[in-house]
């Protein structure tokens, strides 16, 4: 159901993980949520239905974000037919697992950029003019550890996410003073997201989560609260970057558990003599 | 008034800015707030009184945090006489304005470290054992731009804050998996804090804020909402670092407004030829 | 003149600035330098001629790096006809000056990525297999301030350079242990490069340099010494990232000169009370 | 032997590792090297003797850098009796191995700061005035991984090194434009340093190095070449920060080898849906 009197929350990449939970959270907070995802019409209808059932307002659409013109058309359509987009969430990635350079085809690398970086640019291009006119708006961008460091095997993903992070900074620098809040969320841990990590791991998803222990995987509903908080910050106090991970996870800048030898070596790198 | 059935929020550095507003926010959320500050008993009583008047629970104490044993004694006393400290906020800094190296005495540099870095260590040392036993607790640490980059004139402040930031990372790495949430908040903008920035600027404080324009200075009450959000994150989704600044402020990693020449040069630094 | 007994230094982006000077430095050090650039056959011949005249070995080729297959063909040709590429320098950027988002066409953004990020991926893809077989090799990547922070107006450039930096880290992580040294050079200042910055600024280039004062612009010959040093580091002591700027330049993480008001505000952001 | 016509290279922390090799490198390059270390007069004499034997100029002194006035007195004595200090290297650390917070006494934490951070401030305070008068000079600061991230168990070390790094940035910002080159070297790997890492590991030092494999530990002589290069950069092209590690070492920002599960989780953290 579409309630035209509500501000719009638009999420591109609305699966059963972060995207869907963010939509539900903003709907609960009084927004009309527009959910866009590439495929699985049934899954999309289920998410919209759950929001409706909870008394919220939502609608859904399929979208091939990699194709030129699609994001642009969606933004125009939402602004025209539903209402002003007050908060947009770009929640698409292009994670393909660990691949060696040799096993990363040129096409894959390009698609990673298209979904991971170019899409953010296109969304901002399409949505910011109206936000600037209205003097307000928010762009939340889900991001990953690969935005801040490049691990082996992450050639495509890290190149895309690294570009995404720097792009978010340029957008913030230009549009912050025009009233648009750009926030880059570094999700530095596994998310309980059946449509992405779940599909990738397949049978191993449940054992993976079990091995992580109690509260060892990010609950997308918990993360959605942080998204909500960011979007509600008054403009005198805006966060541009925030990280999140489960309590048992090692932060990206730390060694994995028990690297005694290695960290001993690193630890002693600096000092010369006493 | 002290309500022993409430969880305790302890803030070290409780002036009329971030510290006082955080105390009020946590009191409103059901905590008993313990406010500690170095001086101004009247100001302290006023803050406690305002929380009481709003129906919250709070108590105050004077504390010279730079002196050995004081933080330790306070933590012990609160745990014994009031209740378990669930959230501690270290909100002391040692900003002394811009000073050349020549005008930064050795004693000043040491005091900066004592308040800016050593105090966090002492608080963690004093408070974490009990938190670990209880399997939960949070340490919020107010920090500044100087924790992430050292500007000219900030010798004492940046050295203290840089140490503070790395210390927060070590604490998080050791104690996160034991249930303690450590969060480092990079306040990258001026705060409407009469007891610190206000006293420093004196007569120039109001003109300074006016020059910043509408919503151009961080409202400590708004920032307190972010502190509250951090402390309420479930352990599957913890933030370690977050930044905040007013919409009109240039982020620390950006050039100040209108640096056309300089940024042109920088911009063109990389490419060799076409 | 091509001396097949020499190790090969290949530079993509060989203008009269960093690229040309690096070629000259490596030729002086005993390499055969292969210079590739997009246009200006005369300029290319001049650079090759100067190296020859100095007793070095060099050859040149025109190359449209943005076109698929070109870098790949060049690498194959050099390996086959000249000799093993021991050091490759990717020296192309896609700086287009400061442009608002509105004035950054989608095509421009894509071209920025193609030259700024995808080209590095393509070069690594093309050159690394042979290097791995030989158990050694170096990839030097000229980069810019935009790789570490995104300023207003740098949407295309920063997105490309941010991706470049993360890509260099993934390449280093996979190929370092296979004997390939990947180094990312953050050029954080204007370079005395007539073919890029010079062309961009036109008539304003000489006044710009004069305004910078004595030694106020990076001499590409000086920077070439750093490139040479990096390529000569033994594998027990490899640098992955290094920055460089003129002595009078403000580092990217610092405020521009004389930001008293702003930095005072920032300085005082952290502390709560004393 | 002291040759008063030579520029002076002063190293504080001159053991058989980085400090001693840097001294030898600068002596070979035409400097008179002054070696200062806390203890082991025989070891000191041996280092000085080796430089002498190689035709260089060097002298040595014992120094308790943690004690007030010592660095100051040394700088004054060298300037008066030997000659102008052109390059100073601060090569002291305060690594104490991995210790839990509980096992890190307050005194240890303070000593870490005294040697790791305060000493750099004191050296700059003592040496920079004369350098500014002469319009030139360099301060090289050996640093460690702990300066850029805080691992568990590194409370004292990371707090000291984090402060050191920010201090180096403030010094650079103030003194770069006055002709003083400040460089912060992030040694992100184990160094073949018998007087520090060797003493710490004792019997395990040789097995440790053997386990690291061929070229798996930084040769301090190789690193000294990088120090030399930094000190020779002309002022139009100064590096402020550089990292170094062995080819087989995982960079600090990367996961340790074979973290398949963990990195899969992290990798998939970001994207929401496809």
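We just call them A, B, C and D in the order they show up, numbering each chain from 1.
Following the convention adopted for this analysis, a residue touches a chain if its C-beta (ideal position, glycine included) is under 8 Å from a C-beta of that chain, and two chains touch if they have at least 3 such contacts.
Since the structure is predicted, the reported quantities are computational estimates derived from the model, not experimental observations.
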{"item": "Per Cα centroids, the chain farthest from chain D", "value": "A"}
{"item": "Inter-copy rotation, chain A to chain C, in degrees (Cα atoms; steps of 5)", "value": "180"}
{"item": "Between the pairs B-C and A-B, the one where more C-beta pairs touch", "value": "B-C"}
{"item": "Intercentroid distance (Cα basis), chain C paired with chain A, Å", "value": "31"}
{"item": "Distance between chain centroids, defined by C-alpha means - chain A, chain B (Å)", "value": "28"}
{"item": "Chain centre separation in whole Å, for chain C relative to chain B (CA means)", "value": "40"}
{"item": "Multi-chain contact residues (two or more partners), chain C", "value": "146-147, 149-154, 161, 169, 172-173, 217-218, 250, 253-254"}
{"item": "Interfacial residue positions of chain A with respect to chain B in the complex", "value": "169, 172-173, 176-177, 179, 181, 215-219, 222-223, 225-226, 229, 233-248, 250-251, 253-254"}
{"item": "Chain D to chain A touching residues, read off their complex", "value": "11, 13-20, 37-39, 91-95, 97-98, 142-154, 157, 161, 187-191, 193, 195-197, 200-201, 208, 211-212, 217-218, 249-250, 252-256, 259-274"}
{"item": "Chain D contact footprint on chain B (complex, rising order)", "value": "68, 100-102, 106, 109-110, 113, 117-118, 121-122, 124-125, 128-129, 146-147, 149-155, 158-175"}
